[in-house]
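Written out below as structure tokens is the structure these notes cover.
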Amino acid sequence: MKVTIFCVGGTIDKIYFDAKSEYEVGAPAVGRLLREMKANIDYEVVSLMSKDSLEMSDEDRATIARAVADSAQDKIIITHGTDTMTTTAQQLKKITGKTIVLTGALAPAIFKDSDAAFNIGCALATVQCAGPGVYIAMNGRVFDADKVRKDVDQNRFVEI
Amino acid sequence: MKVTIFCVGGTIDKIYFDAKSEYEVGAPAVGRLLREMKANIDYEVVSLMSKDSLEMSDEDRATIARAVADSAQDKIIITHGTDTMTTTAQQLKKITGKTIVLTGALAPAIFKDSDAAFNIGCALATVQCAGPGVYIAMNGRVFDADKVRKDVDQNRFVEI
Amino acid sequence: MKVTIFCVGGTIDKIYFDAKSEYEVGAPAVGRLLREMKANIDYEVVSLMSKDSLEMSDEDRATIARAVADSAQDKIIITHGTDTMTTTAQQLKKITGKTIVLTGALAPAIFKDSDAAFNIGCALATVQCAGPGVYIAMNGRVFDADKVRKDVDQNRFVEI
Amino acid sequence: MKVTIFCVGGTIDKIYFDAKSEYEVGAPAVGRLLREMKANIDYEVVSLMSKDSLEMSDEDRATIARAVADSAQDKIIITHGTDTMTTTAQQLKKITGKTIVLTGALAPAIFKDSDAAFNIGCALATVQCAGPGVYIAMNGRVFDADKVRKDVDQNRFVEI
């Protein structure tokens, strides 16, 4: 069993450049995090793009879908910005025979109180235990891609 | 769906008392951790005991098994010391119709580099996605209770 | 002995609002930090403004100078953005009879690897030990206000 | 200006060995901490012993005093266990012409909420700013070695 982790950006990967006093999407956080957490699984990390999810285009989502479909693996995790995670999830539903789990973080992985490790843990277990389909693993919950939205006011994912 | 989390002690709950310069098992870490991680699930935390797992007796394991069997819930997580986690898992196999996931941590939850949040995330997704049975969620992996041991030298869980 | 801590913003106080995916100056970090560090000193925290130091005007610096001069205390710490910290320090040299220490952070206090607690520790000891004058406490060093600049390329303060 | 940092053990250096489920004094934390904090000072770290301060003997204190007296530097920091820090400080008062600062931590440096970086920051500024003498830098306060005790119940250092 091998897990392919596609990274496309989002809050989880955000870093801070002091010189510019801006907050930017950096290299994928998931690789370093899995090493720090002593993950004992067979995985590969593939960075597809580094975008705030509000800036993702239809073309970006097509790129992601193509990468997932073309992957030799059938266990796929995607680390993604939270604002349009459900939109991308919808685009992936046409891919059959694979377990696809989208996750990310509400606070960057470099923050003391980040939910990144927790969410990545959720996503890893989901990709191992759930059957084919598209899922979102956020806030300790495994959501079906069709039954979830981000509640922006409460800053969390909820069932619909 | 409600998850019952039984806490029995172990490294995950270890704290440090300066006055005595000793390291002791404290209150369950999982409750605070789930709040910090903004978990949006229905759960209850039940502390059964606070023991280093090397000091657990047969009677302790019987207590745990009884609590799991008697619980009204069929989705059960147990935070447990790592040294005898697999032994307790074996004792729980006789319980049918429930999804039982044991987890814990190799470094206490209060450590900067603790794997506690990551493992709890894994356990939460497992209890939601896996069918009835007994599982161990450690090192980013969901193990069948019959196919796992702790590799003490490498300080991680491996498949057997 | 009482220490007055004036907060004017800067990286040390930066936080992250997910909804807007922007990085903003938040409430002063120093109060929470001193509680967490179990500081046993008599101090008061006064927030004067919340600005990135690149956006500070001459008027802002005049406001700071007036607050320091008018304070009943003669032990003053100022948490400040790093980019123009030395400029503000120059403006404060005209104030006599007070020990004035500017500090801040190269990474926000909410980051896992922030230098905020370390720098605040430096500033506190400086304000207790140094005679009247204006100092910058950054990178583990107590600089005379006249003999320091920020090396932007190396992202640290150096002696001149 | 060069600072010599002698390390003799204590809570600041405590680590946790999972295999043995015990808590032991490890390698000096101060070196790694100063690198992480981007300290821009000239310093050397010398490990003299690794002891819980309750287990220190008169001979141990004589060893420390000799190392301090023999050092080529006159700016000395000692990271030390908190329980007998004041006793060691008394032994060092006979050394003249040097600024000697003892510090440590109430929670190990590897803990999320450790005061180690904060205290090391305090000690560094003290050694730079204070005249010859023996000081204890704990809880954000620079104490004269003659006017401080550890309040064990409140777990902090207080003036006497």
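Order as written gives the chain letters A, B, C and D; numbering starts at 1 within each chain.
In this text, a contact is a pair of C-beta atoms (placed from the backbone, for glycine too) under 8 Å apart; a residue touches a chain by one contact, two chains touch by 3 or more.
Note that the coordinates shown come from a computational prediction; the quantities given were computed from them, not determined experimentally.
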Reference chain C; chain at largest CA-centroid distance: B
Intercentroid distance (Cα basis), chain D paired with chain A, Å: 44
Chain B and chain D: spacing of chain centres that average the CA atoms, whole Å: 37
For chain A paired with chain B, centre-to-centre distance based on mean C-alpha positions, whole Å: 26
Sequence positions of chain A contacting 2 or more other chains: 106, 112-113, 155
Overall pattern in which the protein chains touch one another (line/ring/star/complete/other): ring
Residue ranges of chain C touching chain A (in the complex, touch as defined): 11, 14, 16, 18-19, 21-23, 52, 54, 82-83, 106-108, 110-113, 152, 155
Residues on chain D engaged by chain C in the complex (per definition of touch): 33-34, 36-41, 106, 113, 115, 117-126, 128-130, 137, 139-142, 155-158
